[in-house]
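In what comes next, subunit A is part of two complexes: it sits with subunit B in the first one and with subunit C in the second one.
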Partner chain A sequence: MRIEALRSARRPESEWEPFMHQLSARMARRRRSRVLNWAAAAALVLAALGGLLLMPGPKAPEPSLRAHVPTLSDPVFTPSSGTAVAVAGGAVVILPEART
Partner chain B sequence: MRYGKALAWTLAAAVPLIIVAQQVEKLTVILRNRDVRSVTARVTEELGPAGQVWVDGAKNQVTVEDEPARLAQVRRLLSELDVPARRFAVAAQLDVLPKPDAKGLFRPSPQFADMTAWAESVLPSATYSCVLDLREGGRASCGLGTTYRLDARAQGYDPTRRRLAFESLSLLAVDPAGKNATPVFQGAAVLPVGSPTVLLVNPTDQTPPLRLRATPQLMPEIKQPEAR
Partner chain C sequence: MTTSLLAGLLKRAWKGDDAAFTALVEATRERLFWTVKRMVGRDALADEILQEGYMALWGMEGRTPPDNPEAWLRRTCVNRALDHLRREETKLHQAGEAALENLTAAVGLEETMGVLELEEALHRAIATLPGQERAAFVMKVVEGLEYAEVSAALGVSESTVRNQVMQARRKLERALAALGIEP
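For the complex of A and B:
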């Protein structure tokens, strides 16, 4: 009696093929969405890591002083016009350009 | 054979010693008060033959590689340089010398040696003095009588060599109304701090011979002035 009932509940052979098609399509869809979800999550994590790496480190405060510190090669006086000559005793003689 | 063995032992002992002797170390410093580019030229003067410098402008950071002894010098130099702008008082004294006699020893020509010898013995016809109050990177101006003005724009100070750089140091002749100023001389200067520098200006048709004595002095920083 029970076997009969089961037999009657079975799908007919003609329904098996579309059912299997549906089932495989649903599985493929689910697999695809799972891959997409993982890819999206991975991209998000990578973007976050990249942002952290590219973020500038602790920046030094803006230095107020850009003034050049003299070196030994800097002469005592460099005139913007005319000539300067260093002489004995540390003095500098400035020969101004003759103005007309 | 015995000599060969001895040579091999000597080499084996000497090679590690040579490697240890040639060791270089790295020092990285982030400057807080000064632009790293302003000190790089001065830092390179402290380096040995194996020394190297890298500059990171974005972080205001300098990295130096050299022998440990030289690195200690560089560290000390950087710690002395990386301080807020120092304040200086530049005492200026201008002697206006009499126009020389055309027939005398001094001839207004490029033979400057005549000028120095002559300027030492001659008495000034007028003497003016003033004091410039300026900071590193700042500018100041002071009047020398009613006829002359001294303008200065300071750059950096090297505490190790006690020298102050001026981006511009100019002596100007001003007319009595104070409207027009003609430069007598103008240029960049590096003056020793604490000792005078004499600048002798050859005369032209417009200006007499001048002697400017400039003495920069480092002023102490007063953070908490005494309450009165």
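For the complex of A and C:
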């Protein structure tokens, strides 16, 4: 078939020049975008690490409220004479000096 | 250039040697261009498909290099060309048939046609073939590749390629006969 004659076709070198130029430009663009992607990823990792370092540690547990319930034997403060003191169970005790 | 030389150039290119990649492109571009151009019919589109193929090969850095970079490029470019043809199939097919009818009316018999017109008629006739048949025919008959190479490029068995080439030949013979050209 005559079609085999087409096999000898060659493209002139001048037509390959813009092709090669465009290919080089694409490679350069891909390189730049790779560098930018790496920089962005590195910045993200650094920011994440920095956030971890600045994060406040766990809070100390608050003391139990029960420990602060005052009793006569263990008042929260030392009462002066005539001071009403609330104790556990809701009872109010007036110290003797307060009655006079 | 041998397969191992091309593989060596590719490894150097992946290490940042742009001159090696340029040498690889220069050693393979002509055959790939004509294969793709005869499939898609346009220089600019063939250039774009080739560029995408070369960029894909260059961007594979860090993966296992293909044993035969040219075969890898051919498969990639032919697949991209086929994807394009699938999208444009109906339009191109109709355009090809219309072009053949116009050519028949305008030119008539083979004796009145020059070499350039004959080539043009062949190109137009090839453009009427369905994508897979066109790819198989271009690579086997026009480019002179082995059935095994065409089979690797298209990802189908050799017997399928033989069948596609035979079908393409029959269709082309009919199309050329309609132009008064003895195949």
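Remarks
Just so it is clear, the second predicted complex is superposed on the first by the 50 of 100 C-alpha atoms of A that agree within 3 Å, B and C clash if a C-alpha of one lies under 4 Å from a C-alpha of the other, contacts with A are read in each partner's own complex, and residues count from 1 in each chain.
In this text, a residue touches a chain if its C-beta (ideal position, glycine included) is under 8 Å from a C-beta of that chain, and two chains touch if they have at least 3 such contacts.
Just so it is clear, the structure is predicted and the values come from calculations on it, not from any experiment.
Within the superposed three-chain arrangement, the count of touched residues of subunit A is higher for B, of the candidates subunit B and subunit C. Touch criterion not met for A:Leu54: it reaches neither subunit B nor subunit C.
Of the two partner chains, subunit C is the only one touched by A:Ala9; subunit B is not. When the shared chain is aligned, subunit C comes close enough to touch A:Gln22, but subunit B does not.
Of the two partner chains placed by superposition, only subunit C is touched by A:Arg30; subunit B is not. Those residues of subunit C that touch subunit A in the shared complex are 18, 21-22, 25, 29-30, 33-34, 38, 43, 47, 50-51, 54-55, 58-59, 118-119, 122, 126, 141-144, 169, 172, 181, 183.
Every residue of subunit B that touches subunit A in the complex is listed here, in rising order: 30-39, 41-42, 45, 58-61, 81, 84-85, 110, 112-113, 115-116, 136-137, 154-158, 161, 163-165, 167-169, 184-191, 197-202, 204-207.
For subunit A in complex with subunit C, the touching residues are 1-7, 9-11, 15-16, 19-20, 22-24, 26-27, 30.
Listing the residues of subunit A that touch subunit B in their complex gives 56-57, 59-61, 63-72, 74-85, 87-96, 98-99.
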